[in-house]
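The structures considered in this document are given below.
Each of the next two complexes has chain A plus one other chain: chain B in the first, chain C in the second.
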Partner chain A sequence: MNTEAGALLEIQDLEVVFHLEEGPLKAVDGAMLTVKTERVLGLVGESGCGKSVTAKSILRLVPQPPGEIVAGKAIFQGQDLLKIPRDRLRKEYRGKQISMIFQDPMTSLNPVFSVGDQLAEVFTTHRGMGKKEALEASAEILERVGIPSAHRRIRDYPHQFSGGMRQRVMIAMALACAPKFLIADEPTTALDVTIQAQILELMKELQREMRSAILLITHNLGVVAEMAHEVAVMYAGQIVESCPVEEFFDNPRHPYSIGLLRSFPGMVPKGERILSIPGSIPDMLNPPPGCRFHPRCQEAMPRCRRESPPDRMAGDNHHVRCWLHV
Partner chain B sequence: MSRFVLKRAAFLIPTFLGITLVVFMAMQMIPGDPILALLQDNYTEELAQQLRVKLGLDRPVPVQYVMWLKRLVTGDWGTSILSKRPVLEEILHRLPVTLELLVLALTAALVIAVPVGVISAIRPNTFLDYSAMTLTILGISLPEFFLGALLLLVFSLNLQWLPATSFVPISENLWQNLRHMLLPALTLGLPRAALIARLVRNSMLEVTRQDYIDAARAKGLSEFLVINKHALKNALIPTVTVVGLQIGYLIGGAIIVESLFALPGIGSFGIDAILQRDYPMVQAFAIVASSGFLLSNVLVDLVYTVLDPRIRLE
Partner chain C sequence: MYGAGSMCEEDRKELVVIQGLKKSFPVRFKGKKGWVRAVDGIRLSIFEGETVGLVGESGCGKSTVARLLLRLLDPDEGTLLFDSKDVLALKGGDLSRYRREVQLVFQDPYSSLNPRMAIGRAIEEPLLSHRLLGKKEARQRAKELLDFMGISPTHYFRYPHEFSGGQRQRIVIARALALNPRFLVADEPLSALDVSIQAQILHVLEEIKERFRITYLFISHDLAVVRHISDRVAVMYLGRIVELAETESLYQDPLHPYTRALLDAVPVSHPALRRKRTLIPGEVPSPLNPPTGCPFHPRCGLRMARCSRDAPALMEPHPGHEVACFVYGDLSIQTPMERRRP
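Now for the complex of A and B:
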C-alpha cells in the first residue's frame, strides 16, 4: 500500500452551523479530513452525524440560510475552496475538477428534462461545446457507464430509467469532465443489493481509469472494506478516528469505531452475537459536554464528561480523538 | 402526445352535452308560458295549440331538448328579444372584445406573477420578499369593482394618462385599442397575479429544496440556469393547475370589468340580457361562458404535457 500519496483535499477545523428557530445547531464541529490523490477515503458514521453536510461544504452546497460555514478551510490543490469567489468555484471546480454523486438517484435527476439534456449541460458549461456536440459526448459517456443503446436513450426522461440505471447516469454526469476528485454521498444506499455491487464495481473501475480520488460517504462497512484506502469515522459533527483501512479493521481505537465494527453483521465472526451501540446520537441542539460519545461509551471516565478529548496520533497515520489514547 | 390530445378532446363532448342539458333544464324551469307571452292579447285556445305544434312545444321534453340541441349545433341560436337580431351574430360580434380582455388579463397576471414569485423565493424572508407578499395579500383582497374604480380614478381622472370609458376596436387602431384595454386588463389581471405570485413563490421554495437542484449546482451550472431552467419548470407544474382554475374566475370577473369600463364584450352584454330577461341571449351567454372554461382547461392540460414529460406517455 502506498502511504506516500500527497494530499489532494484537506479539510481543516470545519464548522457548519444551521440557524434554526430552536437555536443554532452545530452540524459539523471542527472536522479534519485528508483525501489523498487517487485514493478513496471512506467517511462513516450514523445518519445525522454530519457526513453529508461536511461533503456539501466542500462545494459550498450547504443551503444558506439556514446553514452557514462559520470556520475552517477546504484546501484543494493549494486553493481554499471556502474563500474563493463563488463564480470561480462554479466555473473551475464544481462539476469540472470536483464532482458529486448523490444518495437517491430517483430524486437527484430533474424529472422534467431529458437525460441527454442534463448530461449535455456539463459539456456546454465546462467544455464550451455546442448543443449537438455535447449530446454526442453525452451519448458516449452513457455508453461508457454501461447504458445500452445510449444514443437513443439520451432522449429519454429520468422516469424511464430504473434506479440502478439512473445512478449510472449520475455517475456519467459526475465523471463527464474526468474530475480529480469525486464526492459520493451514499451512492448505493437507495439501490437493490444486486445493483449496489454493480454500481460499486463501476465506480471502482472508473476511479482507476480516471485516476480520481473519492470521498465515499457510507454507513455500510462492507462498502468501506471493498472500496476505501483510508477511513474516517464521524460522530456528532466530529471526526473521532481516521486511519488506513486495514488499520481500521484490525486495530480500531475509538470505542465508537469498535462499537460500529461489532454492530456490523458482516464483520462479526459466525456464531458470535452482534452487539449494538446503546443509545442514539445526541441532540445536536444540546450536545453533551466533554466527549460527545461519553453517554453511550462503556469505557467513559469522569474526565470524558468534562473535557473534550484532543485529536492525537495513535500510530502511523492513525488519528484518534479519545481520552483513552492520550 | 397526439393520442393524449385526442383522448382529452374526446372528453369534451360529454361535458359539453352536460352543459347544454343544464342550460336547457334551467330554461324549462323559468315560470311562465312562452306561448302566452308571444300571443299576448290575441290569445285563444285554438291559436295557442297551433303555435305549440308549430314550435314543437307539444312534444315531450326530451324530444324538445334534442330539437333544441340540433338547432344549437347547426348555428340556429334563436333571435334576441331585445335587439331582434340573431343571437349567434350578436355573440360573435362581441366575443373578440372579451377574448382580448381575457388574454391581456392573463398575460398581465403571468408577466407580473412569475418574476415576483421567483424573486421572493430566491430571497426568502428578506425585505423584498415581505414587501412583495404584503402587496399580494392586498391584491387578492381587493375586489375588481374597487380596484377598477381606483385605477380609473388615478390613471384616467387624475393623471389623465389613459382613457376612461370608451372603446376602440382592435381592427381600427391597435395602439388606441391597447390604451383602452390596459386598465380593464390590469383590473382583471392584478388579483390573479397576486394569487399566482404567492403560488409560484411556494412552489419555488419547495422545488429548490430538491436534490436535483443541488445536483444542478454541483454540476457547475450558473445560478441563472439553476433557478430559471431547473427550478422554474418544475415549479410551474402546480402553478398551471391553479391558473387553469383561475380562468373560471377571469370569465366571471370579465362581466364586472366590462360593465365598469363600458367595454362592448359578451360579459356586459350578458348582464344586460339577464336584467332584461332576454332568455335566448342568457342561454347563449351561459353556453359560451362555460364552453370557454371547458376549452381553457383543455389548453391547460396541453400545457402540462409540455412541462411534464411524465404525463405525455400516459
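Now for the complex of A and C:
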C-alpha cells in the first residue's frame, strides 16, 4: 500500500500497545489503512478488535499510559501525525483539519456549558472570531444540521437536547471548521433507527457539501452499505480485508468477512438461515498464534496455526490477509 | 418456521390474552407532578407455540409490557389472561406456579447474573427455591442445561466474570429454561452482543423453540432480527400497538405510516440499493405530554383533521392484519374486540 493518488490519510504498520497489570496488550498490530480524499471508508469490526484505538491513534488521543503507539505512521497530506509536536497537532489539526464524532452524544458534550458556548469555542480557537461573532456562527451551523430555532437553542444545555439532537450538535461542532477529514466512531449506534436514518442522511449531505473524507467506524454492515465507498474489516488488531464497498458485498474473500455478512440478519435473504461464526473473539492478552482468526475459521489449514498470513492483493484494490488467497 | 401462518386457525390456542392494558408512572418534572403513560391500552393475543415480535423505538413502552406480563409490575387497568386464567388475580401458590411457567431473558447478560454466585448455582436456584428438585437432581439438571447451551458442565463452579457476553447470555437462557417454562419473554436478548455472537444466540433461541415448543414474546428494536424469528409482529408507538400482522405481511405490506417509516429507515443491505429516503420529521414525543388523538399524527404525512382529535383503535382492514389508523376506515365500523378472524 504505497502512496497512491488521492490518498488523504495513510496509516502504515500501526502498532498500539496497552501496558496492563496482566501484561502488554497489543490492541493494534500492524494496521494498514488508506482514506481517500472526499471518500468514506467504513471500518468494520466487533468490540475489542482495535478499530476505535486505530482511529484515536490518528489524533494521538490514546491515553498514555497505559497506551503507547509503539510503531507506525499516520500520514495526513504528507505529514506524519505521529511524529509532529503535540502542540502543533492540537493547533493545526485537531478540530480544524481533522475532527471526530463519538458514539455517545450523552457523554461527549460538557454538561456544565451551554451548547452555544461549546460550539463557539471551536470558532474562537480555530477561526480567531470574537465571542459574539462565534455565537452567531454557532447558531448558523446548528441551523444547518437541522436543529429548530437554533438562535434560542444555543443558550440551552446538553441535557435539554434529545439523543438525536445531541448527535446533531456533535456533528455541527465537528464540521465547524469544514475539516478535510472526519472520524466518526459509531456515530449512530446509540440512536433509534428512525433517528439513525436522519443522522446518516445528514452526514451524507454534509460530506458532499463540505467535500470531507470520513473514516466511519461501525459494527453495523447496513450503515456501511448505506454510507461507505470503501470498506476495511478489522479482526483482533489487524486489518484482514479492505476493498471497494460493492466488491465487499459481492465478493468478500476473508472467511471472517464472509462470516460477518452471513450472520447479519439484515444481510441474509428471507427464508435463509442466518449462519453464525463459532467461538468468540480472542483474548487480546493472549492472541492465538498464526492467523488470529484460525480458531474460528472453518477453512483453517495447518499453516494458519503457525504463520500469520501476509497482506496480499486479491483483485483491483482488494487487499486480504488470508492463506487461502496467497 | 420463518414463514407466517404455519399453523391452522383451528389448532391455535390463545396462551396469553392482553386486553386494555395500561400502566403509568408518576414523575416530577420542573416541580410539577405528572404521569408518564408507558403503556396506554394495548390488546394482544399470543397463541401457543408462536413467536410474536414486539418492535418499537426506545421509550415506546415495550419493556414495560414485558414487566407487566411477568407481573413484576401491576397494571393500572386491563386484563391479562394466561392459559385462560386471570393472572392479575393470582396469589400465593398460583402466582408462584405462574412465575414458573413464564420466564424473562433480559438484555444485559452482565447485570442479570449475580457476580458472586457460581453459574451452576444460578441455574439450579430456581429449581431449589420452587422446591421442584432435590439438591442432587437440581445439580444434575443444571449440568444438563449447561451442556445443552454449549457450555461445558465442568464450568459449573465458575463465576459470571469468567465468561464472555455471549456465554453469559447462554447461562441466562439456561436459567430461564430450568423450570420448563411455557412462555418466554425475551427483552432485547441480542442487543448487548457482538454481531457474530448475536447470530449464535438467535440460533440457540430457535433451537429451544423447536425442541421445547415454547411460546415467545421477542422484544427488540432490531427489525431484521424480528423478521427472522417471529411468526407475527406487533409495532408499538408511544405506549400503543399501531400495527399487528403476520411477519411477511407486515414487512412486505406495512399499513401504518409509522411502520412504513420505521421499515424505510432500516439501512440497506447492499450499496446498490441506496436510495433517497422519505424521512419522518421530528422525534418521538415525550410520553409525559403525548399528543392528542393519534399519537403519531404530529409526524404523519397522511394526517387528517380528525387524527388530532380522536385516537384510532386497532381494526382489521385485511384478515389477520390489524392497524390503528383512520386512513383505513372509521372507528364506528370497528370490529368488536373479541373478534380476530372472519
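The definition used in the following text is that the second predicted complex is superposed on the first by the 321 of 326 C-alpha atoms of A that agree within 3 Å, B and C clash if a C-alpha of one lies under 4 Å from a C-alpha of the other, contacts with A are read in each partner's own complex, and residues count from 1 in each chain.
What we mean here is this: a residue touches a chain if its C-beta (ideal position, glycine included) is under 8 Å from a C-beta of that chain, and two chains touch if they have at least 3 such contacts.
Given the structure is predicted, the values throughout are model-derived calculations rather than measurements.
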**OP:** Consider chain A as the common anchor and indicate whether chain B and chain C clash or fit when overlaid.
**Re:** fit
Original post:
Which holds for A:Asn110: it touches chain B only (first), chain C only (second), both, or neither?
Top reply: first
Original post:
From the CA centre of chain A, what is the angle out to the CA centres of chain B and chain C, nearest 10°?
Top reply: 80
Subject >> Contact breadth on chain A, by residue count: chain C or chain B >> reply: C
Original post:
Now for A:His151: first (chain B), second (chain C), both, or neither, which partner does it touch?
Top reply: neither
**OP:** With the two complexes superposed on chain A, say which partner A:Leu260 touches: chain B (first), chain C (second), both, or neither.
**Re:** second
**OP:** For A:Val122, decide between first (touching chain B), second (touching chain C), both and neither.
**Re:** first
**OP:** Check the residue A:Arg312 against both partner chains and state whether it touches chain B (first), chain C (second), both, or neither.
**Re:** neither
**OP:** For A:Glu246, decide between first (touching chain B), second (touching chain C), both and neither.
**Re:** second
Subject >> Three-chain overlay, closest Cα atoms of chain B and chain C, distance in Å >> reply: 5
Subject >> Interface residues of chain A shared between complexes with chain B and chain C >> reply: none
Original post:
chain A touches which residues of chain C in the complex?
Top reply: 2-3, 57-58, 164, 166-167, 194-200, 202-203, 221-225, 227-228, 248, 261-262, 264-274, 277, 279-280, 283-284
**OP:** Mind listing the chain A positions that touch chain C in their complex?
**Re:** 46-47, 162, 164-165, 192-198, 200-201, 219-223, 225-226, 228, 245-246, 249, 259-260, 262-268, 270-271, 274-278, 280-281
**OP:** Can you check the complex and tell me which residues of chain A touch chain B?
**Re:** 56, 59, 61, 63, 65, 90-91, 93-96, 99-100, 102-104, 107-114, 121-122, 125-126, 157, 159, 170, 173
Original post:
Taking the complex as given, what residues does chain B use to touch chain A?
Top reply: 125, 209-212, 214-222, 225, 229-230, 233-234, 237, 307-310
